[in-house]
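Each chain gets a letter, A, B, C, D and E, in the order it is written, and its residues are counted from 1.
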Amino acid sequence: GGADTDTTATGNNGLEKTTLKVGILPIADVAALYIATERGFFKAEGLTVKPEIVASTQVAIPKLVSGSVDITLGNYFSVLSAQEAKMANFRVLADTFQAKPDVFDIVVKKDSPIQSVKDLKGKKISVASFNSIGTLAVDSTLRANGLSTKDVTYVPAAFPDAPGKLASGQTDAAWLTEPFLTGVQKDMGARKIADTMTGAMADFPIAGWTTTEPTLSKYPKTMAAFQRAIVKAQQIADSDRKAVEKVLPTYTKITPDAASIITLGAYPSTLNATRIQRVADLMLEYGYLKAKMDVNPLLVPMPQ
Amino acid sequence: MILSRVARGAAGVAVLLVAAEVAGRTGLLDTQIMPLASTVLAGAAGLAADSEFLHDVSATVEVWAEGLLLATLLAVPAGVLLGSLPRAETALRPVIEFLRPIPSVALIPLVALIAAADGTMKVTVIVYAACWPVLVNTMYGLHDVDPVAKDTMRVFGFGRLAVLLRVTLPSAAPFVLTGVRLAASVALVVAISAELLAGGEGGIGVYIVRAGSGYRIDLMLAATVWAGLIGLVVNALLVRAERGLFRWHAARAGVTQ
Amino acid sequence: MLDVVNLTHTYGSGPEAHRALGGIDLSVPEGQLVCVVGPSGCGKSTLLRSIAGLVRPTGGEVRVKGRPVTATPDDLAVVFQDYSRSLFPWMSVRDNVALPLRRRGLDRAARRTAAAEALAAVGLESAAAKYPWQLSGGMQQRVAIARALAYRPSLLLMDEPFGSVDAQTREDLEDLVLAVRGHHRMTIVLITHDIDESVYVGDRVVVLTRAPAVVAADLRVDLPGPRDQIGTRELPAFVHLRSEVSRLVRGRPEFSMTPSQIDKE
Amino acid sequence: MTMTVANGGRLRGLALRLWTVPVVVAVWEAAARAAESVYFPPPSAILARLRELWFSGPPARLFLSDAALADFLPSLGRMFGGWALACLGGIALGVAIGRSKTLAGYVDPLIEFGRAIPPPTLIPLFVVLFKADARMQVATIVYGVVWPVLVNSVDGARYVDRLHIETARVFGLSRAERLTRVILPAAAPKIFAGLRLSLSLALILMVVAELAGSATSGIGYELLYTQQNFDLPGMWGTIALLGVLGFLLNSSFLVVERRTLSWHRRAGRTK
Amino acid sequence: MLDVVNLTHTYGSGPEAHRALGGIDLSVPEGQLVCVVGPSGCGKSTLLRSIAGLVRPTGGEVRVKGRPVTATPDDLAVVFQDYSRSLFPWMSVRDNVALPLRRRGLDRAARRTAAAEALAAVGLESAAAKYPWQLSGGMQQRVAIARALAYRPSLLLMDEPFGSVDAQTREDLEDLVLAVRGHHRMTIVLITHDIDESVYVGDRVVVLTRAPAVVAADLRVDLPGPRDQIGTRELPAFVHLRSEVSRLVRGRPEFSMTPSQIDKE
């Protein structure tokens, strides 16, 4: 029954499927998706997009494979390691989010003796998970400051739990993003000791709209329609902060007040192979990939 | 009688809440990390008017109910079978004991791979976790049946099945129901944990993810309070069913109600 | 109807082993009422449970209607010594009595009627809707009797069925069993500690020795029927038989009473 | 002579109890090979990975590698600690609630409320209460494990045969005697059902606690680590390890149970 | 020692209510042995349980040694009608008997000796190490009696304590109770269905009516002591008393036996 209503072979610009389930996280990264919905870009393409929360990219992968979601917000780091582990054959439809200064910082408690990255030696630092953009970012920051990964202990802690662990002394430092950064600075006077998105990681690509090769070849037109709609929204998100601030409180628990002060990243509207290749190369450099990976085959060109 | 029970329960809850509030206000508990009890309760009360959250609650309750029902339907017959066939029990014990300590949340990615629908995935992990209390309690309940009662049935020429249905099961039923009460909360815990870990379109756990990503610890805990309340209500219903169905059980033990 | 051939039974094994039956031979023709008496703990209940197929005896054989007993024989009813545990606490008294009648292929209404009649026969018409745990000990025992009688088995085994009721009720129940037996040609094995009772209701009294039990005596009761609580008990033959049984049972005193033992401070 | 007989008997018993294991593993191997999915590696691959992870040590140490010692000892230590605490607390509180209607009235709602709360959502509370990682993990285990023991103990203590209690009262047994001589033994079969449930649960909570408690080593940590590294044989290996541990723990538990409850087993047998 | 004043008890409430005791008055001086007889289900056990403080009567009062019974009185022992359920299946027979002796301040060895003696007194010396469920019904009953006697209470309540043992053992146990009573000045209330027994062991026989039970008669037994199973039972006074009690118990037949009811097909 469901297939009949979801899939129409003809009509609607010849889309193979009109309803798309898209895995998201309730964070600023996916603002463009909500802008596209709000402004009717999907509707114009004949698409209905149903966002579904996936707690992490790792969990989203089996859901993509089983068809439980059609597209997901995929952080490049996880997508590339999963690609190497042959978990699936991924395809990136569009870029989603890109780092900017102070989007990912390392913070410590107000009264912490830690003053700079060098003081982190021998300390515990919380990251959202192992083997992630977080560890890569901290790795690169450490190296830039003459330390190495071995000099610290990574402690996995979900972002919402990290401030508590920092405050109670279970960790010495935390790698955080918004809205937690603003939150901990305001609530407990936490101190930033480093912006991790600098140097090798400056303007680092964070995540893209991701699907798998079988899904793409099954629904090429649908995916193209999605690409067209989302890119329009990415452009708006990138150029009009107010648009992002407006949709943020609708799908997250970030209050309008907080939305107006938090630091936002960039919302790229082109899928640039050179930039994404940077992720693969840096991952290889830090040992997160075993072999050099060419990201080109993974990127789906923008339809005309 | 019932009133005094409610009053006592309320008193118990009140003492704990006041203690938590005082601990928060005197700085014994760091309110930076753990919001005040009153803040959490106010948040929980506010959620009652949040239609989006109520939708989440109904989504959770739906997978919970389905999971618990399936777990019970699966585990009771399985427990009866294993409890009455010692050989089968011995043979399957390694497999069962191997499976029991596997965290159902660790299975989420694997189940997600097979089950295309999000609901199916959750129900599967709920069933996986919730069937054990029912199974184990059923097996133990079965061993607790008075042999004279079973002999009585056999003597009148009833077959094994009739003995099972008319003596063994009724006699074990109260303890099986205790297993179901255990499973009910396990199912709720797993439903929410699955939502926390795997997300989904809606659910209390999904709400908590959303609140967490917005750095709203107070709302996370407020939603958690709802989980507790649901557990409380479900248990009250099951206890009431137990009182109605198993009056004989209480009477034999001299427990007056 | 019933043949017990050199039946032996030992509980447990090794040093804990206890030999309860030491080779019992007994043959009961159809329609006979045999009373079994014997000292406490000698093995009467074990014998009864072997006949019912509830104990797998360690030696010898039991045959009912010529067929060896491996499982519980068909068309059998038992009143257990532990009557209170043999009633189902989750069922009303009526349902307890009606339950076995399902095996008789009766429909619901017929089962209820039969149960009501049996309960009335033991003086419990007003207790039908109650639960077993709402009844006194003697009333529970009568429910168990009503259940067995309502079933109308061809073989009825009763283990001290009248132990918990008052003298008057006991006599009434004895007569009830005799009457039902007469009408329905049941074969009955009745264990009792009351020697008068064994002679009064029995066609035959089998006396067992102490454990390991064997048959010490097997007496025919040649009293004219129909029996009558006052008339029969006054017959010289009755008085003679009861002293005979009494003598046999007391033959070897089971223990010598030694109150002094418990009196030492 | 007698030795060999005894050994033979034991071997036969073992074979009777464990014959399903090779069958299941063989079927699993065949199915996994047929499926050829990265997500479902065959047991042989899992075993190889398991060996690599933990069992490449010297024979003198039961082949346990350094990693195994670093992972197993703290994990199992916390697990046993948490389980023991939960059992003691659960039985004590459960029996008290089962025997006292007043106490039950006061705490029932709290318990029923608490039971339904997923331990991971209590991290903020545990963080403020317990500060240190290890204590917090033990607290998480206790919190998750205590319920079956508690609920079954309440049930067992509440529904003791009335005549047992009355006999104890009539003969003037002291409270302590009533508890240890009558209530606990009578409730034991149900309490043991709770203990058995909680034992496997303790392994699960050990994993959950390591996830919640930000562990940097341990079996749960390893599960998370392999999962996040897309190391599926490793993840399956960890799962299999949990299963084997569960089986071993449960087998030892049953030995104790069989001793303690032998009266129950024998009294309840229909002859 | 024991005063029961206008004791009433009603089980349940509303339409299900059952009035068991209809106003019982009874006064037992110290050292007396009172036998209570009455039809099955009349309320004897209820009376006994009220005295033991196990049932909270709905009206009237029970006083033991002058103090109103609210909880279970001190220094009391009971042999329950449902003796098998009152033994603890997780303890050996010896431990079952020895358990209450802790209250007597005996050490472990003394408890074991006392238990062994009590068991020997009821003829169960060889069963000490067994578990209750390994014993026959009559043996379990004797364990319950041994437990109560070993405890040497000042007030002993017995509910049909000799119902499951053979005639010989029954007489021995009757004499045992009499002997122990004589030595230790116990006050005893003994419920029985055996009218001969009530006259033989009792200093007094109290006959209850059908439920709601009231005292129908309260007879002094004026027989010379020490009693003797053969001599006493032959005394004309004994024979007279037993017919008197018998007449009183049978006074109102509890039910009219109607075998015809169960015979209709």
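Operating definition for what follows: a residue touches a chain if its C-beta (ideal position, glycine included) is under 8 Å from a C-beta of that chain, and two chains touch if they have at least 3 such contacts.
The structure presented is a predicted model; accordingly, all values stated were derived computationally and were not measured.
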Separation of chain C from chain B in steps, with touching chains one step apart: 1
Chain D and chain C - chains in contact with each: B, E
Pair with more cross-chain C-beta pairs in contact, given A-D and A-B: A-B
Mean-CA-position distance for chain E and chain A (Å): 82
Rounded Å distance, chain B centre to chain E centre (Cα mean): 48
Whole-Å gap separating chain B and chain D, where each centre is the average of the chain's CA atoms: 18
Contacts with 2+ other chains: residues of chain D: 39, 124, 127-128, 161, 166, 227, 264, 270-271
Overlap residues in chain B, where contacts from two or more other chains coincide: 30, 33-34, 109-110, 113, 146, 151, 196, 217, 220, 249, 252
Sequence positions of chain C contacting 2 or more other chains: 49, 54, 82, 85, 134
List of chain D residues in touch with chain B within their complex: 16-21, 24, 39-40, 102, 105-110, 112-122, 124-125, 127-129, 147-148, 151-152, 155, 158-162, 165-166, 189-190, 192-193, 196-197, 200-201, 203-204, 207-208, 223, 227, 235, 239, 242-247, 249-251, 264-265, 268-271
Of chain E, residues touching chain D in the complex: 52-54, 71-72, 74-78, 80, 82, 85-86, 88-91, 99-100, 102-103, 131, 133, 147, 151
Residue ranges of chain E touching chain C (in the complex, touch as defined): 11-12, 18, 37-45, 81-82, 84-85, 117-118, 120-123, 134-139, 142, 149-150, 160, 163-170, 172, 175-176, 179-180, 183-184, 193-195, 246, 249-250, 253-255, 257-259, 261-264
Residues of chain B that touch chain A when the two form their complex: 30, 32-34, 108-110, 112-118, 121, 196-201, 206, 209-217, 219-220
Of all residues in chain A, those that touch chain D in their complex: 58, 62, 81-82, 85-87, 124, 126, 129-132, 153-157, 161, 164-165, 167-171
